[in-house]
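Think of it as A, B, C and D in the order they're written, each chain with its own count starting at 1.
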Amino acid sequence: MKRVQREIVVIGSGPAGLCAAIEAAQAGAGVLLLDENAKPGGQLFKQIHKFFGSADHRAGVRGLDIGVQLLKQAEDLNIEVWLNSEACGIFDQNSVWVVRDKQHSITVEAQRIIIATGAVENSINFPGWTLPGVMGAGAAQTMINVNRVLPGHRVLMVGSGNVGVIVSYQLLQAGAQVVAIVEAAPTLGGYGVHTAKVRRAGVPFYASHTVKEARGTDHVKSAVLVNLDSNWQPIDGSEFEVEVDTICIATGLTPAVELAFGSGCTPVNSPALGGLVPVHDAGMKSSNESIYVAGDVCGVEEASTAMEEGRIAGLCAAHSLSYLDEAAFSRRFEQLQHNVNALRSGMFGQRRREAKESIVSSYGVHR
Amino acid sequence: MNRIVDHPILGPLADAEVVHIIVDGVALTARKGEMIAAALIANGKNTFRRTVKRDEPRGIYCGIGRCTDCVMTVNGIPNVRTCVTEVAEGMVIETQLGSGEWQ
Amino acid sequence: MSRREHEESRLKVSGAVSLAELHQTAEYILPDERFSKPVAVIECIEAIPCNPCETACPVGAIVIGDDITTLPVIDPTICTGCGICVAACPGLAIYLKQKNHGPGLSYIAFPYEYLPLPKAGDVVTMANRYGEGVCAGSVVRVVKTTRFDRTAIVHATYDSAFYEDVVNMVRL
Amino acid sequence: MSDETENRDMLICRCEEVTLGEILDAIDDGFVTVKDVKRATRAGMGLCQGRSCSRTIARIISQRTGKPLDEVLPKSYRYPVRPEKMSAALSEESEDESDS
């Protein structure tokens, strides 16, 4: 197989990968950015809402505009980008097997690899959950915001975290009707300002409810909702049916760890961050000296935290190849640590902040 | 039609070159650059395949090429993930039955 | 089973912040009849890491400070009613209000990101935090400038008997 | 998660059409890791390689055996992590290294 050499290979050009590539290139390193899709940007281009955070995080700017800005930056730095290129495996610590355009294989020998492969939506199961019309909330978001096609007209959203509530809002903007948002827990998960947006638009929330069954032959026709008691068991007789043609499942995400673990990065279980994640230090270095991780792959959070983690990974990967003098590196490193900590501050970020702290502090142990 | 012709944030749908595709023998139009799954849903087709054991209908589920529930037979090649594969002029797309056959 | 009776009107259950919760929040400052023009009202009662309203305000009427999870504090006497914060807020949690805009009429300018947009002169149904129509409203103007980055701001007058209840309009 | 015993013929593995009942029976027969359940029922062997179901199967094992979720051994990760045709694995990139 044909072999080429690169200093830093970034796998995945979503918010984390793009920012990692930019930061590493700004530090002076040679960067190759891979993405399996025809267009880079990952979930950024599905996120048409304005981001939270502070000015350092480009707060108040819409995700898709941040995507355009980052792509422009990557272009200005003339970062080498391979699209339609799937990283299929990492061998002997630093060789990335890449299949390009589904036709050719090439091995990229990288001195450093930054894995930014994101996360995959979780499922919940109920009779009829495999019917056409039942899909992940992310799938519906991709359809409406990227492909500009409505997956359905009457939608039931399952899950009231920020994803479920934001996608519900975006479904309304796209012209669909959101019939209800159900949440199994007794209280809603997403930020109050998000739930308020859709509630004042007339979308009812059903806390302590879940889907008992989806009905339909070739497509979803309706969903049966059921009330749950305090230990989350269905209350017989509390079922009621809602006419819907689409059921979106927004019950969390799981880090897409197959590349990281396949290459031997040590896993650690972190429920607050989505399950098994690769162990990493504060500089986003995994248990493997030459492999860094960033974004949802090492902890499901938000695009804004993914961008900061990407920058940290890019900075540290470049510095480990002796780019940037000590002073410049530590100044920038402190700034980026401040940025990511700011995003994890407050009651909403507490569980994630503590989970990340325990991963970083246990880094020495796991190596 | 399920296309979002105008959008409060994304603005009006830009013009796009028309791509002609044949789906289960029926000629349909799609927009250049869009995914097969999007073109099919836009044209009102939601069942992409029928499963091996139970012959049950399946459509789009994850939308990002991970779950492989949206696979169809494209230009005679089975198991093509339609949610991450762009349409092309003259593409022949068939609802996949079971694990599909090479044609 | 009428769902409404079971619905405790708490933000974390109903999805909408209740008047009770607002009144317990010091940062919720609803301008009274003495104000001669609309000023910003912020319904942001959770400590989330976010401060674009503070940075957007051209006259520094909104203060959050270094810890960006601090709730934004508005000084209505400084606020000029320009509406930039209304569009800048990622949570769309800010609107402008004036209690005595005219005889028996209150005034609101709220963020609106849907189609179709209402037009000046339209009569619409004003909505409360639960999405219920509470009274008629007449649209004064609809502002959509590039500065607001695709968030339209709808200005409308309505019966001041519903001054505090109204936060938006029923979508067209 | 609806009551388990009631939905025995509900699908858990979408690709291989493996039901909750088959998985519960395998667990009761002593297959108590995600890999074992895969070997016993084919759940996770399909085209998506367990991306959709292995997390659910781990949860079912944990609920059924009472073992905490993080003690349920996860699935393994084999390369290639994307479905590739053999022809793509073998054919080399042409000499003139083209960019994206």
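As a working rule, a residue touches a chain if its C-beta (ideal position, glycine included) is under 8 Å from a C-beta of that chain, and two chains touch if they have at least 3 such contacts.
Note that this is a predicted model, so its numbers are computed, not measured.
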Discussion item. Between A-D and B-D, which chain pair is linked by the larger number of C-beta contacts?
Written reply: A-D
Worksheet item: Using CA atom averages as chain centres, what separation in Å is found between subunit A and subunit D?
Response: 21
Practice prompt. State, to the nearest whole Å, the distance from the C-alpha centre of subunit A to the C-alpha centre of subunit B.
Written response: 25
Worksheet item: Any idea how many Å lie between the Cα centroids of subunit C and subunit D?
Response: 48
Worksheet item: Residue numbers in subunit B touching 2 or more other chains?
Response: 7-9, 56, 58, 61-62, 66, 69
Discussion item. For subunit C, give me the residues that contact two or more of the other chains.
Written reply: 113-115, 150
Worksheet item: Which subunit A residues reach two or more other chains?
Response: 36, 62, 120, 130, 173, 175
Worksheet, complete the sentence: Those chain pairs meeting the touch criterion are A-B, A-C, A-D, B-C, B-D
Worksheet item: Which residues of subunit B touch subunit A in their complex?
Response: 2-4, 7-10, 13, 33-35, 37-38, 41-42, 46-48, 56-66, 69, 83-84, 86
Worksheet item: Which of the residues in subunit D end up touching subunit B in this complex?
Response: 14-15, 17, 46-48, 51-52, 83
Practice prompt. Over in the complex, which subunit D residues touch subunit A? Could you list them?
Written response: 1-3, 7, 10-12, 14, 20, 49, 51-53, 55-56, 69-70, 74, 77-82, 84-85, 87-95, 97, 99-100
Worksheet, complete the sentence: In the complex, the residues of subunit A that touch subunit B are 36-38, 48, 62, 120-121, 130-136, 138-145, 147-151, 173-175, 218-219, 256
Discussion item. Per the contact definition, I'd like the list of subunit B residues that touch subunit C in the complex.
Written reply: 6-9
